[in-house]
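What follows are several structures.
Below, chain A partners chain B and then partners chain C, in two separate complexes.
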Partner chain A sequence: MADVRSGAVQAPGLVAPRRRRRTAEVGRLGPVWAVPVVLFLCGFFLLPLGSNIMRAFDDGQGGLTLAHYIKLLTDAYFAGVVIETFKVAIITTVVCLLLGYPVAYFMVRYAGRWNTVIVFCLIAPLLTSIIMRTFGWTVLFARKGLINNWLVEWGLVARPLRLVDTELMVYIGLAHVLVPFMVLSITAVLQGIDQRLEESAQILGASPWQAFYRITLPLSLDGIATGCILVFVLTNGSFLTMLLLGGGKVTTLSLLIYQQFTLTQEVAFAAAMGNILLLCSVIALVIQLRLVRRKGVKA
Partner chain B sequence: MRQSLPLRLDQISKSFGSVQALSPLSLEVQPGEMMALLGPSGCGKTTTLRIIAGFSMPDTGSVFIGDRDVTELPPHRRGLGMVFQNYSLFPHMTVAENIAFGLKMHKRAPAEIGARVSEMLRLVHLDKFADRSIHQLSGGQQQRVALARSLVTDPAILLLDEPLGALDKSLRESMQFELREIQKKLGITAILVTHDQEEALTMSDRIAVMSTGRVVQIGSPIEVYEQPRTRFVSEFLGTANILPGEVTGPAADGRIPVRLDGSRALVSVAADEGVREGARIRVALRPERMRIGAQGEGIPARMRATVFRGSYYAYELDVDGSDKPVYVYADEPIEAPADGVVGLTFNPRYSIVLPAEAA
Partner chain C sequence: MNAPAAPARRRERRNYVALGLGIYVLAFMAFLLLPILVVVVISFSSATYIAFPMPGVSLQWYERVFDYAPFMQSLKVSIQIAVASAVLGAMLGVPAALWAARSQSVAANAVSTFLLAPISVPAIVLGFSLLYMLSALSMGVSFTSLLITHTVVSIAYIARTVLAVYRAVPPDFEEAAAVLGASRWKTFWHVTMPMIRPGIFAGGMFAVLISLDNLPLSFFFGSSTTNTLPVVMLSYMQNQFDPSIAAISTIQMLIAVVALLVVNALYGIEKLTAA
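For the complex of A and B:
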């Protein structure tokens, strides 16, 4: 078929030399280049992951058992920890969204040349060691710390509050580190939304708030979704903040895993918890990919 | 239903930092009239439109829609319609949802919204596209949706911000007529902001030519084209050949004799009030109103180049006394003499007398 068609436009007897596809040269070694990476991933990612999954079924005498999962999901204490884990992750995500969206909106719409400064301030906590950050908060919120001094001085409270080693501290510590992920995910999407869309909505009778709610907010949902999933997954994985700022008040799966490994050495049970956490992250990731794909079709 | 309201700008001014974007500017648009704000970028036309829309607050002055002073009103309470340069359609809504948006904001009943939306879709010939997404439409179709969306709420005044700027040439021309027809049919007061002189000439009842934050001339398309009052207007609307000279005699029969500088040719031009014998003036001549004749006729000139422009031929000529080459458009090719020396003539009726500006 192709020959017939090319014959129609070419002088008889002349056959145009077939052009070599340039990609073929680059791609000739194709699969071979990937071998080291694949080997590395197999050795240091898939294998441990597989053995961890298997370890969770280990009953200690060489047999298989579902006991660890059953214990994790039915035992009141551990089921409570699973619920607590999600509670912390969801609250942190919501807090980061409520704090982060206005910041992102301000950065995109009004900050102008101050944008760089704001971005730096946002990612500064990520560049600081977790120990510094955590003890910084502890100093601020201590009984004789700055916050309590102010509260007493302004007469808002009669006696210094006990703020250190509370749930509140954990949320503050988490939001401090995780807000930048939310803000940067949202600014990335907001930057692509033409401000004139809000203006058209206003001309059509929408108040500034309605214009935001009906136009900008729905258009930035992708950024919100990305930010939320990032913060959710990262919260699930963090335990140092809970350990250092929670004072034992907040016990999540990741913190429990850490304790199981280092203190009680119940490795199989820790593996089961790890797998539950991994499953949650995978589910979150799938949700995000689906959202992104839907957007791709739309555009 | 809507009634057409007049729009009045009273001494509005605006500056951004040290830049005076608008000098105190007053403008009146009659009900049902299409007024074009025409000028190069940075002339203040967009600033004026944004002040009318309510996106920008004037430093001084007031905006009146009908008898109502709307200067302090936010955009959503002004009851205007606006078509934006890049249409600004809501990408997460269908065609019908885009058009219905304004009605929803005005809290109309769902049944009424449905009826109005189909009515608007018919008006812009997009009946079959109601459930399409915006991405599936061509530029011209998006333009129609933007127009339908802006008209659906029966606005008192329609603002058009370079509405056809993003379309290609042939589509732009047909849309010019269509837009104008719809505006006339609805009898809606409209403000058209454009830098395209052809668009302004084709679509508007009156043109306000703007330059550096001022309205320099206002009048019907024919007036501003045939009787520009300044060199800027004459050159911004169409092409103008400017030839300086001196009035050598009194006006007679609606004509005045003028001795051109350089070539010393004596020509007769249309009389202009306030021009006396001995006054220094400049004569502006449209290339399509001039004729190339034999040597000895009219103004002596030397041919420099010919360009075929499709529907006409453009000739570039040197004339003593003109700082720029003189252009003449002709429908048919002209045989230039071997030495290239020709004479230029024109009908005095179509000549324009401009004051001699200092420097």
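For the complex of A and C:
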């Protein structure tokens, strides 16, 4: 009855008496060890997010109102920002998937000893600040930047092109920051797929493309899903790339929260925008948990 | 790689695929590294503006960075917050992760999800919410508030790695120690800890790297004594566009690389990608 494993019916904080502990549980920690962190996260994670949900209903005079959400979803400008947020997140996710999948496939099937080099290249950007990377893109694509210099020198264009402060730059910047997460998510799953499955399909007459499309791709869907959810959520939360590379052409909810905070200080309205982002993340998290659980059943 | 019986033609086609993919991967790596390399190069520029080709090489921007007090002050704050939040996050997160990794209960499952949840919440929402809650508790803009905020996220990154590492370790070793008469604490210190220590350090390393660059969490708590490096860099960049941003970025990168090399020398880099 007092088995630690059946902690579902046991309040955290109760530890089974040591004498009853079976050998299998010796050396393991009891649920009491989770109490401090659970309290900490309740106080500084759940509580602030919860009070933020309430704050969005605050009408400024102590009453409750839906006005902030109505403004956010019906006002032409703000509704446009909500739609733009999802558009940017979806495009970035698709771009990262298309850019990243071939890299993940190459790493698992062909790279061999070069794998370490590719992993290094994927991790290296994570050691640099996002500001450094956006700064790098600005330097490369500026009017007198490296790319324009080359284009003019090789006679491809007569005058330097205007490349910074465009939507395209935002997508390049976002893909650069987020594609490593996609690649690492997909390789984690691809590594577990037996290569002989693909070979068997080919021996049985499938073309290499068919073998990939019918066997490997469906088996790697879990990795694709994990990577897509991760990139989608991270894009929703980023604003630096839009701020520094977009030149005001791409406005998403995160960027608007930043601007509201620094300029207008409309707290309740900013809270409402934050809650929309939060809702997206919760939905993504639930989908991810479902996937993990399904995988757990299969294994 | 191929089954020995595979026809030569198929092997040849496979080589073309490998070659094509290989060329693509090279271009992809250039895409990843180019913007970083360009910043490192420009940090040594002797010009007062940013343009190519560079007129010459100098260290003047590094001198400027070391002379510019806000950069140095905020770098100090950033490092203090990153290290302190990783230590605090490990103290809070590791014991819970160790319990949750071994227990099959619903409660343990819920706790491990809860520990990881801060990763999935957009940092800007978390920072914004915490600022107003901590202000209500009259903690507002302070070093403590900043530390609490970063710790919430550090817990998640450390717990993630420790959960993955400890779940991959079979319980046999601990059982063997117990069967051979080791006490609960002896088993923990001499068997469990050595096996999970790489996970703790790799997770802590992740937490430090994330914290150093976490502008969305930090900028809500900005003041002259609590500004972190990214906050100062952003405001500098919005006013001036000169290579000193490149120099401070390169310094920040070097700090991260050195930290990574130290962890790698101690515990092996492959643990970083394990989770």
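The rule we apply is simple: the second predicted complex is superposed on the first by the 266 of 299 C-alpha atoms of A that agree within 3 Å, B and C clash if a C-alpha of one lies under 4 Å from a C-alpha of the other, contacts with A are read in each partner's own complex, and residues count from 1 in each chain.
The rule we apply is simple: a contact is a pair of C-beta atoms (placed from the backbone, for glycine too) under 8 Å apart; a residue touches a chain by one contact, two chains touch by 3 or more.
Every value quoted in this text rests on a predicted model; they were computed, and no experiment measured them.
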Contacts of A:Gly205 with chain B and chain C, given as first, second, both or neither: first
Partner chain(s) touched by A:Pro218 [first = chain B, second = chain C, both, neither]: first
Chain B versus chain C, judged by how many residues of chain A each one touches: C
Partner chain in contact with A:Gly237 - chain B first, chain C second, else both or neither: second
Contacts of A:Thr264 with chain B and chain C, given as first, second, both or neither: neither
Partner chain(s) touched by A:Gly136 [first = chain B, second = chain C, both, neither]: second
Which of chain B and chain C A:Asp194 touches, first, second, both or neither: first
Interface residues of chain A shared between complexes with chain B and chain C: 196, 199, 202-203, 208
In the complex with chain A, residue positions of chain C that touch it: 2-3, 5-6, 10, 13-14, 17-18, 21-22, 24-25, 28-29, 31-39, 42, 50-53, 92-93, 95-96, 98-100, 102-108, 111, 113-115, 117-118, 120-126, 128-130, 132-134, 136, 148-149, 151-152, 155, 171, 174-175, 177-179, 182, 184, 187-188, 191-192, 209, 212-213, 215-216, 219-220, 229-230, 233-234, 237, 245-246, 249-250, 252-253, 256-257, 260, 272-273
Interfacial residue positions of chain A with respect to chain B in the complex: 194, 196-197, 199-208, 210-211, 214-215, 218-219, 298-299
Residue ranges of chain A in contact with chain C within the complex: 4-8, 10, 12, 18, 21, 23-24, 26-31, 33-34, 36-38, 40-41, 44-45, 47-49, 51-52, 55, 99, 102-103, 105-107, 110-111, 117-119, 121-133, 135-137, 139-140, 142, 144-146, 149, 176, 179-180, 184, 196, 199, 202-203, 208, 233, 236-240, 244, 254, 257-258, 261, 267, 270-271, 274-275, 277-278, 281-282, 284-285, 288-289
Sites on chain B touched by chain A in the complex: 53-55, 74-76, 78-82, 84, 86, 88-92, 101-102, 105-106, 133, 135, 149-150, 153, 159
